[in-house]
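What follows is a pair of complexes built around chain A, which joins chain B in one and chain C in the other.
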Partner chain A sequence: MSFLEYAPAPESTALLNLQSEYGLFINGEFTAGSDPTFSTISPATEKHIATIASASTGDVDAAVAAARAAYDSTWSRLSGRDRGKYLFRIARLVQERARELAVAESLDNGKPIKESRDVDVPLVAAWFFYYAGWADKLDHAGLGANPRALGVAAQVIPWNFPLLMLAWKIAPALAAGNTVVLKPAETTPLTALLFAEIVQQAGLPAGVVNIITGAGATGRALVNHPDVNKVAFTGSTSVGREIARSLAGTPKKLTLELGGKGANIVFDDAPIDQAVEGIVRGIFFNQGHVCCAGSRLLVQENIHDEVVERLKVRMATLRVGDPLDKNTDVGAINSAEQLQRIRELSDIGDAEGAERWSPACELPSDGFWFAPTIFTNVATSSRIARDEIFGPVLSILTFRTPAEAIAKANNTPYGLSAGIWSDKGSKILAVADKLRAGVIWANTFNQFDPASPFGGYKESGYGREGGKQGLTAYLAPAAKATAAARIAPAVKAVSAAKAKSASAAKGGKK
Partner chain B sequence: MSRLAVPKTYKLYVGGTFPRSESGRVYEVVGASGDFLANVAKASRKDARDAVVAARSALSGWSKATGYNRGQVLYRIAELLEGRRAQFVAEIVSIEGVTVAAATAQVDEAIDRWIWYAGWADKYVQVAGNANAVSGPFFNLSVPEATGVVAIIAPQDSSLLGFVSAVAPALVAGNTVVVVASERLPLSAVSLSEVLATSDVPGGVVNILTGSPAEIAPWLASHADVNALDLVGAGDLDWVSLQIAAAETLMRVFPPENGPDAAAPSLERITAFTETKTVWHTKSLL
Partner chain C sequence: MSIDRIVSTASRAIEVVGGDLTESSLKRYLNGIPGVDAVGLEARAADLGSRSIKTTSKAWALDTIISLIDLTTLEGADTPGKVRSLVSKGLTPDATDPSCPRVAAVCVYGDMVPYAVEALGAFHGDSVDGGINVAAVATAFPSGRASLSVKLADTADAVAAGADEIDMVIDRGAFLSGRYGQVFDEIVAVREACRRADGSSAHLKVILETGELNTYDNVRRASWLAILAGADFIKTSTGKVAPAATLPVTVLMLEVVRDWYRLTGEKIGVKPAGGIRASKDAIKYVVAVAETAGEEWLQPHLFRFGASSLLNDVLLQRQKLSSGHYSGPDYVTID
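Coming up: the complex of A and B.
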């Protein structure tokens, strides 16, 4: 056994107590879906985990109706203090069942257990704990006294951080006094359904949280439901654009967390060893399935060779394999479809003249895998420098001056995240001022905290999640009643838009 | 013998200069009693695109100016307006057909509103931004900053006050604007451009187009270099289609408002045109 070989150390799945089949969680109970069920599989083995219900349009109606009834009869009448106490309960239940949730997440999503155990699930608990405390302090959220909830929130989340994205959506919504209908991603519904059990254990009034599973059509029916007051979506920019279009002319409040092509800028005065760790964390964390990933490395030209050399040495120590193994650094790609996209874009990188490198690593034969990969000699115009790959693929570009680094970093329609590595504080602050990105990490990368607002500029979406800003995304000022009366009537226009979105939805079903 | 008056040519205001519409078009603006007042430039698609280029070029300088500086520049506009009150009152009386007292009240409120917004330029960051107590050794700060180029359809039923109420808040945070004036009541907007040109506002920060909002707005809503679209005065347009067009680039869109309270002064109108940037910096473990 050489220095880097370890015996397998898989986390036990014995503490999982999964059902063979999961229904929709509507009005506090699991009910069968009306559409054909689907299977959720482990991307590491392609083995079936559980059978999942698919919500039809009628099921979506039922879920929204349950959320509306709960809002009207219970949740909007509850004191902020009591809403907070329910959220504190949920935070504690998440902590109690943390290991179980982490194992389920790694099983269903393919992410390494060390990440689900040490990052995802602890953040989920922290998110509920943070927003629990806000529930009876809404007067301090920045919207003046007595801000009001919006009503029913429709929330659609992606597969990259299934339970964490659920927490980002549900915790602030409930704290602000809304009720929710949430749709997890088709490939990763498992932890959301376990969360439904937690909701039951917490004794949350029926209908306050509803979780419906299904594919794109279910999500489309949910966000376009006429009785929804707020839509929150995290996912691809193309779907975000479709939602923005279909909500045009409606009074629904919309927040979007979309794609990114984050620049990770390494200056020649950076602490190189730390920067290399940050580069690895920036792009190989969660297999690069991170909207804010540092997927474009901008390295100052004079240290390019040294950084690339040290990065390769570091990458050679990354352990790719069983997500449930405690020693695994990089897990499985979430789906065959995503693997296909990563392969396609990487092949385009080859074709466009960039140089591909991956460490020698043996990939399992079953499941979906892609070795950690870097491309050097990448042109700014190359697809791999412009498109979001959403995988463990890093494009490396160079710059000579801070001005060039800033120009290249901002040369993207996205604006979600960026990293800056330098030992010179004044340089960091000056560069941070000029970057058009919602989250900037200086001498660190991919840090998340419930107290810290997260969200993008430009085509990375709008609105913030986390912090006070994330709370106000689910609130309206008390005076908004009069403001709403000011909004011009758009009866004609709205009905025209509805006709349009109805025809678009039809098109989507074909 | 009474003196023969010298009428003014009403032109566009783009990049700090006063071009006619490149299309060569004008339209007739009449007073409340139907009498001819002026031939006003009728801006085209190309004028709108030129205005966006000018606004984008001015963005870096204006958004990076200090809040104190932007506050003084905005305050200076109010100073110059104060000196030209008579001109604005006369124009409003002629075009809106209101009394001198009503026109004076509108001009006074417009001036006072500039001052109110000017005072926010070095404060909105403190009120809307915050330090974040994260769980780890990090310095973490969230600050609002300008969204970028903002296209505005100004309120259509007000000469000066509606225009000022829509434009001033967008400027506070350092956005640059392309604003389509009231089609029926454009005179004050054009005269205001002459105030802007002789104040300290850098060219390109405010670009004013006159003409048909229905014709110009779709080009602005679908322009990839526009970051936000304020439809405050677009209530009579097919504004849902504008919002749909704006979704293509995930433009921030604000819906039309009607009535006397449209675009009422608020901090919300300032922060609506900002983006929250959160910067994390490591702290060493001592």
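Coming up: the complex of A and C.
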């Protein structure tokens, strides 16, 4: 037996303490949903994990009402320091339960345990720690004279980074003083429900965080609910467009983080071995289920053959298989539906004359799998160079000059991410300056940090998540807040006094 | 303007760099090698280090590590008795388990070579024949600060005394001041000095002392330089300078030998030395070798660990795998 066929090193699922059935998390309690339940499965085995409730429009109403009540009665009245205290508590609980969350994530999503353990969950904790620190500084950090929360935020998140996207949404919303109703993706509700347990453990006031599960209809009802002040969506461009259309003309504030077709540009003076690593990380990280994936490799023509050869050698060492094995590099595709889409687009790549290559790898018989794949000889007009595949499929194109690299990189309806590989700093800065993408990585790819804003140009959406910019997405614009304060200072003072006496009458209930 | 200096002829360099080998053609070639991104290299090394090697894979890795060790003593206080003890430890690493493999070589100072050869007796020989090699450090190890004639005499002396392998140091001062040709010439000359009367030659390991080269770009250039000049092995460190061997540096050197193999079809060895004390760390190196250069590098002619205390930690782990429980330092012998 070859040493490289490492003996199995599965992460134990023993520390998971899952319920057989999960309800909706509304007003601090799990309650049964009104619509028919559905099953969440492991994409690696297609085995049932748990039964999940589906929220009807009535349930959505109840969740939004709970969030509104919590906003009015408690959360909007807490000091920033107190809000921060809860967020710090959540961050610590995420760390304490990190192993369990990582296992649950890999089980439900199909991503390798080494990614959920080393990337997703640590970033989740980092996001809560980061925004916990912001909560008591809103008045003092250039966010305007009197930054105010928006109210109730409706948040709909995708299946590619279930818990991480939850953190990206919930942490800044709570820090800014909003309450939330969040809907996880239909195929990956598990870690959001474990997070609901953490919310209970942290003693967060009831209704501040509500988590409702369901399919597209639930999400639609949530974002269109009249008592929602803010909508944040991460997912496909087509759904994002539908949300933008339905929200047009309403006073709801909207941020959209949508698809991408990121260009990873490799110049001939690049650190070549690290560039190959970066290409691999750019497209095969999380099975390519990454909206900012480097799915278009733009490589300078004079090193094309060498880069492709080195890439193939490197790809041959990628281990595809059981997401819970600690040595797995590429896990399962999240759903049959997504697998179908990846297959279709790849077949179109073949039909359009591109050359497909995958390393020899044995794929498990059950579950949803797609071998890491590269296409060479890809034309800029080809669909695999234009459409987001959202899978482990890389399209390789060439360029001759920096100007051509910039033109080709920008020649996409999207604009979420790009990467530049060169040993020459001045070239990196000059090229980055001309790329129309929300995030540009230099000599690295797919790195995330809570302090760094993230978001897109063009069809990749609008608004930013992360950093101070991510916080402003959950605050009333400073100008508006000060204008309102100037026009009606008396009214405000009166309502504040009323609020104070009301909470005193309730006996400071928390 | 000075006239370009012609450097020694070395067949590899002529083949790869070109026939008119000069200081400047060598420099142009070395400076043309793509750079190394430090953050990316360290991330890659950390990633390789996170492989989880269990059960049968671990057992194989532990035995392989033992068979790749250059069991080393390089102290001013070394004596014939200490060297004899080292040799017997190398021959019988685990007194309780005769199935335990032998180490690849013992590594000593040049004046200790006769005692090592004598202590090995019939077991003196290559690992493929079940023997143990004698490696000697030479060329004014560890600093390399001596005249060329002294370095060559040091080398020839050790070879004459029976050393199978010579671990030489490069002139880091010359390298850092840009005199690549001088470093090159010295390696070529030491390689010549490794030749025995019968025409065979001691294997040459070239120590780059990566801790003094300081940047990964320098390590990569020095690796190419050493290989072009005729090194059989490139070795990280003397063990006398911190940092000694690190995983990123070793991964980088493995990338160089992999690239050299792609270019010429010839396999060069890599030897990380110094600072690798725990089995857990050594296993990370084994993984790095297998995933960077390839599994075929995991044999004593192509990969070595320069170590001393590592051996006993591997033995404790090995005992644990077979017995199911940890023993303690009193259950492995000291050398």
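By our rule, the second predicted complex is superposed on the first by the 473 of 510 C-alpha atoms of A that agree within 3 Å, B and C clash if a C-alpha of one lies under 4 Å from a C-alpha of the other, contacts with A are read in each partner's own complex, and residues count from 1 in each chain.
The rule we apply is simple: a contact is a pair of C-beta atoms (placed from the backbone, for glycine too) under 8 Å apart; a residue touches a chain by one contact, two chains touch by 3 or more.
Predicted, not measured: the structure shown is a model, and the values here were computed from it.
Novice: Pick one for A:G467: touches chain B only (first), chain C only (second), both, or neither.
Specialist: first
Novice: Mind telling me which of the two, chain B or chain C, contacts the most residues of chain A?
Specialist: Counting residues of chain A touched by each partner, the higher count goes to B.
Novice: Let me test your reading of the model: by the given contact rule, A:S20 touches which partner, first (chain B), second (chain C), both or neither?
Specialist: neither
Novice: Check the residue A:T444 against both partner chains and state whether it touches chain B (first), chain C (second), both, or neither.
Specialist: both
Novice: Classify the contacts of A:T317 with the two partner chains as first (chain B alone), second (chain C alone), both, or neither.
Specialist: second
Novice: Can A:E277 be said to touch chain B (first), chain C (second), both, or neither?
Specialist: second
Novice: Which partner does A:S238 reach: the first (chain B), the second (chain C), both, or neither?
Specialist: neither
Novice: Once the shared chain is lined up, is A:D423 touching chain B (first), chain C (second), both, or neither of them?
Specialist: The second partner, chain C, only.
Novice: Once the shared chain is lined up, is A:S12 touching chain B (first), chain C (second), both, or neither of them?
Specialist: Touch status of A:S12: no partner.
Novice: Do chain B and chain C touch any of the same residues on chain A, and if so, which?
Specialist: Shared contact residues on chain A: 443-444.
Novice: So in the complex, which bits of chain C are touching chain A?
Specialist: Per the stated touch rule, the residues are 34-37, 39-41, 43-44, 50-58, 60-61, 64, 255, 286, 290-291, 295, 298.
Novice: Give every residue of chain A touching chain C within the complex, in rising order.
Specialist: 1-4, 6-9, 114, 118, 269-274, 277-278, 317, 326-327, 423, 443-444
Novice: In the complex of these two chains, what residues of chain B are touching chain A?
Specialist: These residues of chain B touch chain A: 64, 127-128, 130, 132-136, 138, 140, 142, 147, 227, 235, 238-241, 243-244, 246-250, 252-253, 255-259, 261-262, 268, 275-282.
Novice: Can you tell me which positions in chain A touch chain B when the two form their complex?
Specialist: Within the complex, chain A contacts chain B at residues 126, 142, 237, 240-241, 244-245, 248-249, 256, 258, 413, 415, 425, 428-429, 432-435, 437-444, 447, 449, 451-455, 457-462, 464, 467-469, 477, 482, 485-490, 493-494, 496-497, 500.
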